[in-house]
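Naming follows writing order (A, B, C and D), and every chain is counted from residue 1.
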Amino acid sequence: MSIVLGPHQYGKAENRIVRVYRDTARHEIHDVNVSTALRGAFDAAHLVGDQSAVLPTDTQKQTAYSYAKEKGLTSIESYGLVLGTHFVDDVEPVSGARIEIEEYAWERAVVDGVEHDHAFVRKGQEVRTAAITVEGKGAEQKTWVIGGFKELVLLKTTGSEFKDFLENSYTLLQPTTDRIMATSLVAKWRFFEPAEGWESIDWEATYAGIKQTMVSVFASLHSLALQQTLYEMGKAVLEAYPFLAEIRMAAPNKHHFLYDLSPFGVANDNEVFNADDRPYGLIQASVLRDDAPPAGPAWDIAGGFA
Amino acid sequence: MSIVLGPHQYGKAENRIVRVYRDTARHEIHDVNVSTALRGAFDAAHLVGDQSAVLPTDTQKQTAYSYAKEKGLTSIESYGLVLGTHFVDDVEPVSGARIEIEEYAWERAVVDGVEHDHAFVRKGQEVRTAAITVEGKGAEQKTWVIGGFKELVLLKTTGSEFKDFLENSYTLLQPTTDRIMATSLVAKWRFFEPAEGWESIDWEATYAGIKQTMVSVFASLHSLALQQTLYEMGKAVLEAYPFLAEIRMAAPNKHHFLYDLSPFGVANDNEVFNADDRPYGLIQASVLRDDAPPAGPAWDIAGGFA
Amino acid sequence: MSIVLGPHQYGKAENRIVRVYRDTARHEIHDVNVSTALRGAFDAAHLVGDQSAVLPTDTQKQTAYSYAKEKGLTSIESYGLVLGTHFVDDVEPVSGARIEIEEYAWERAVVDGVEHDHAFVRKGQEVRTAAITVEGKGAEQKTWVIGGFKELVLLKTTGSEFKDFLENSYTLLQPTTDRIMATSLVAKWRFFEPAEGWESIDWEATYAGIKQTMVSVFASLHSLALQQTLYEMGKAVLEAYPFLAEIRMAAPNKHHFLYDLSPFGVANDNEVFNADDRPYGLIQASVLRDDAPPAGPAWDIAGGFA
Amino acid sequence: MSIVLGPHQYGKAENRIVRVYRDTARHEIHDVNVSTALRGAFDAAHLVGDQSAVLPTDTQKQTAYSYAKEKGLTSIESYGLVLGTHFVDDVEPVSGARIEIEEYAWERAVVDGVEHDHAFVRKGQEVRTAAITVEGKGAEQKTWVIGGFKELVLLKTTGSEFKDFLENSYTLLQPTTDRIMATSLVAKWRFFEPAEGWESIDWEATYAGIKQTMVSVFASLHSLALQQTLYEMGKAVLEAYPFLAEIRMAAPNKHHFLYDLSPFGVANDNEVFNADDRPYGLIQASVLRDDAPPAGPAWDIAGGFA
């Protein structure tokens, strides 16, 4: 019996890179938060403090900033692929890399009804996310791309039921056929590489389309349960985008409790609610294409590190 | 020499009230965070624990929820006036009330190009705010209304300079004629009551107009300093809305530092920036109408209580 | 009638300075967050963008870091006095300065029962605060010092009542003679300068003593209301420290609601509670020495800028 | 090819339960945040909105609160085992449960040098964590227990080097033989069930011992890299506690950059630092007992759901 080093990785987290394109008077902006992590032959760093195989996290940071100019930063998925592949291909001890990126959207300021060329207002809605994993060198190399978003807050004021559930001696909840349903949605979708290669995917159009699809299903579906809504949202996305292998969603049920105004002789026909903070229901579900290639390390090397 | 009770108030903070109007199929939603505070003859509660003059904070909460139905909740300024006046008029020991409200905007989900009747996406941009103060009973009663917003994040990628500043032996900063200027703006404007009364103000149109005015000035003005931009924003608002007495603004200078890529032989012509967190410049400025009525307790009873 | 510039100030917020004393093997650490703000003849910066009177916020930052070495950083109150006085005395256009500081406490790591010389664990309890205001040049100069803390979380599991309160038609709350009382206390105390000068105050001993006094009163007093507890805490502090003019406190009533287990046939004799987030009662109170010198600008230039 | 439901779970997150033991005058308090999640035959809820197999999250909440009294809540690991086993054993459609718990420590208020019976100050240091997984019914049932903490902030002012690292064309970092090393440590350790059963483990003594062991190693080890420090911390824990299978750690390298005071003619011999926020190095490492039983679902059902 002995004690050994287990899975490990290291990198530079939360590089807040802002990339401006200003080749014309109409500037473009990409505002991102990039985290890099490298995996490989770093045992000596742990066992005896030998750093000779360790590319400093500061170097990873410099690379991330410089690549925003050298290679460009338009879609976060393609930028992540280029950055991750660089670390694996060009740094000898590195066998794998994971690049995680958040993007914050900006919209143009509007002056006298016209979009401004170089002034922006942060959109403030959901945060777009990506996670790119690169494993292996040369012909053995594999890449995985996950797109997604978080903090997309959705709510419907009717069209949501919850009834006919399982009961036991701890059940106090009353069934309802009309409630507010609200969530702050996290969604992550795993692409697989088309035969034509990653470059054949239009990352921007795909992102916009997935968001629109999910919002539409949320709005349109008469919901019997948040689980049902999530499943239908995920199914619609996979049906629309054949190069997606699966989608994973986490949806806190942001409870809006009908406020009891009867002690004051005031009727409340689903008009006044208390938006409660904690606790909250939390529904996690995934939808898969059953012939999709395996996820491999796409989701993470291992749990428990957060 | 003796030790005495000083200024004090108490209330229920952060009632998360959601008010839905559903009289037609096209629902409306108002999502607010209401804090109440009462001032008055509460000395005995402090000095000897006698609660006989103290209306419990729970009662304040019940009232805030019930009033959302009884009196309605459309504009936060008018709702706050009604609620604050109630506490002063109807609760004998209460001599003053302050109601602070935040509102979170929602936009309609769009399905097949059409706005949905009852599904919403949280807009996520700025948070609208209001602070209503009511002092005195009967004919002596006075009211103050402050509107505002916070977390409006603005950025321009050019059209901002900072040069010719004062220097001393601790000055290292280099002047610049082209930098990113960005801020997360807080603005609070003090209304004064028109001769026609508070009800003559269109709170919704005023709010939208002030925001639009400020964004337009931020975008259009070639800026020599954030101070100048703030002053011009405030001045434009006061010029447009004659029933505003003053506007106060707090603007963190969210620094975007040009990233030095020269060690890598890469040019960086204002294209790659590091968005830094701390420290940050913080500019606070106000613009006044010089014949405006005095602020009285509009801004707060006293500092130091936050 | 015209539109004019009102109160304004500017500075560098949240300089995260860590000062290590390592003259002996037993190191000392001071971990602070310093914000500077300057007031003075900055009208031209606002009105026409002229920066010639503006000492950049970057220069303020450099000064704050350098003074941590040049002048030393042991007590935050004395460091703030030195830094604030410098800006007013040495920068011509500056007529006033406000320095706000937070300090995060560390305790020594303990190894084999012995305190370590240079390894520390962040204590994690309350954050100590100070706000120093300097106004005027030369013989006219005045200084104000406020000490304090925030996030001191206190709780007692019994010895707290709330009953015999005022009722109206919105009152549902039931009186109680035994409840949990809990708060996350903010306290700020205003010093006045002793005849012997600021340097005669032992800032460290005073801070420790005030905290201990407040915790002792919270624990010992059988409480009829949070108001009463706050008043007695403040009174005890002023009695113990004759160089304090006043103390201001903000105390959220962190509600712990007795959980109803009766539907499950389970007794709950004040044993199981739900710690609720929002809404919360908020009690703000101050205690004064009635012959204290006036507060002047000690608390702030003006509200509404946060 | 078809689209199918993938992994899923649901539950009630962040039940803020406070359990007081008051059988004697000297009260005890346990302040926890409990999240439950159930796995099982919930396909119909997703596919057609049929809730007949779904025990509502509200019921899970009621159970969590009631069990705090019925079964007791002293150690979070044993409470989690009881709660998780209940859901799997007593709710027919449930095949697996995961209970995640945070605990916030309180220390007794001290009055006149004596610990108070029923007044407490929140300790504020690290948050203790646990994650219990129960899978399978009857004789097939397996349980996994993970203990841990987060937000333990450690710092040493010397005794830390970083040099002789790998360099490439993006490397600007200079080696150092004396730097501040600081982190906000997350650690999670996986227990395996001793032959004598879970009840043979003294959860409280084990937790205290692990924390003390990790702090001691952090303090004592002259560090050549954060990786080395983490490995030695984990190794020491596994050596001391034979019923631990592995430990996983995530350690942000909270950078403290030496502040350059040379422009001001001021020496800075590792005395004044800037504590930077972002980006930060992030080191994740695990240490294993090589004959430990497999982790199974102990760490999570699947990534990507956060």
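One rule holds in what follows: contacts are C-beta pairs under 8 Å (C-beta built on N, C-alpha and C of every residue); 3 or more make two chains touch, one makes a residue touch a chain.
These figures come from a predicted structure and were not determined experimentally.
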item: Turning angle required so that chain C lies on chain D, C-alpha fit (0 to 180°, nearest 5); value: 180
item: Shared interface numbering between chain D and chain A [over half = same, under half = different]; value: same
item: Per Cα centroids, the chain farthest from chain A; value: C
item: Chain A and chain B, separation of their C-alpha mean positions in angstrom; value: 31
item: Whole-Å gap between the CA centroids of chain B and chain C; value: 23
item: Contacts with two or more other chains, residues of chain C listed in rising order; value: 15-16, 62, 66, 170, 172, 263-264, 277-278
item: Parts of chain C lying in touch with chain D, wherever the complex brings them together; value: 15-22, 27, 29, 31, 62, 65-66, 68-70, 106, 109-112, 116, 118-126, 151-159, 180, 212, 215-216, 218-220, 256, 259, 261, 263-264, 266-277
item: Of all residues in chain A, those that touch chain D in their complex; value: 1-16, 35, 37, 42, 45-59, 61-63, 66, 90-91, 93, 146, 162-168, 170-173, 186, 188, 223-225, 227-228, 230-231, 235, 238-239, 246, 248-250, 252-253, 278-291, 299-300, 302-306
item: List of chain C residues in touch with chain A within their complex; value: 169-170, 172, 263-264, 277-278
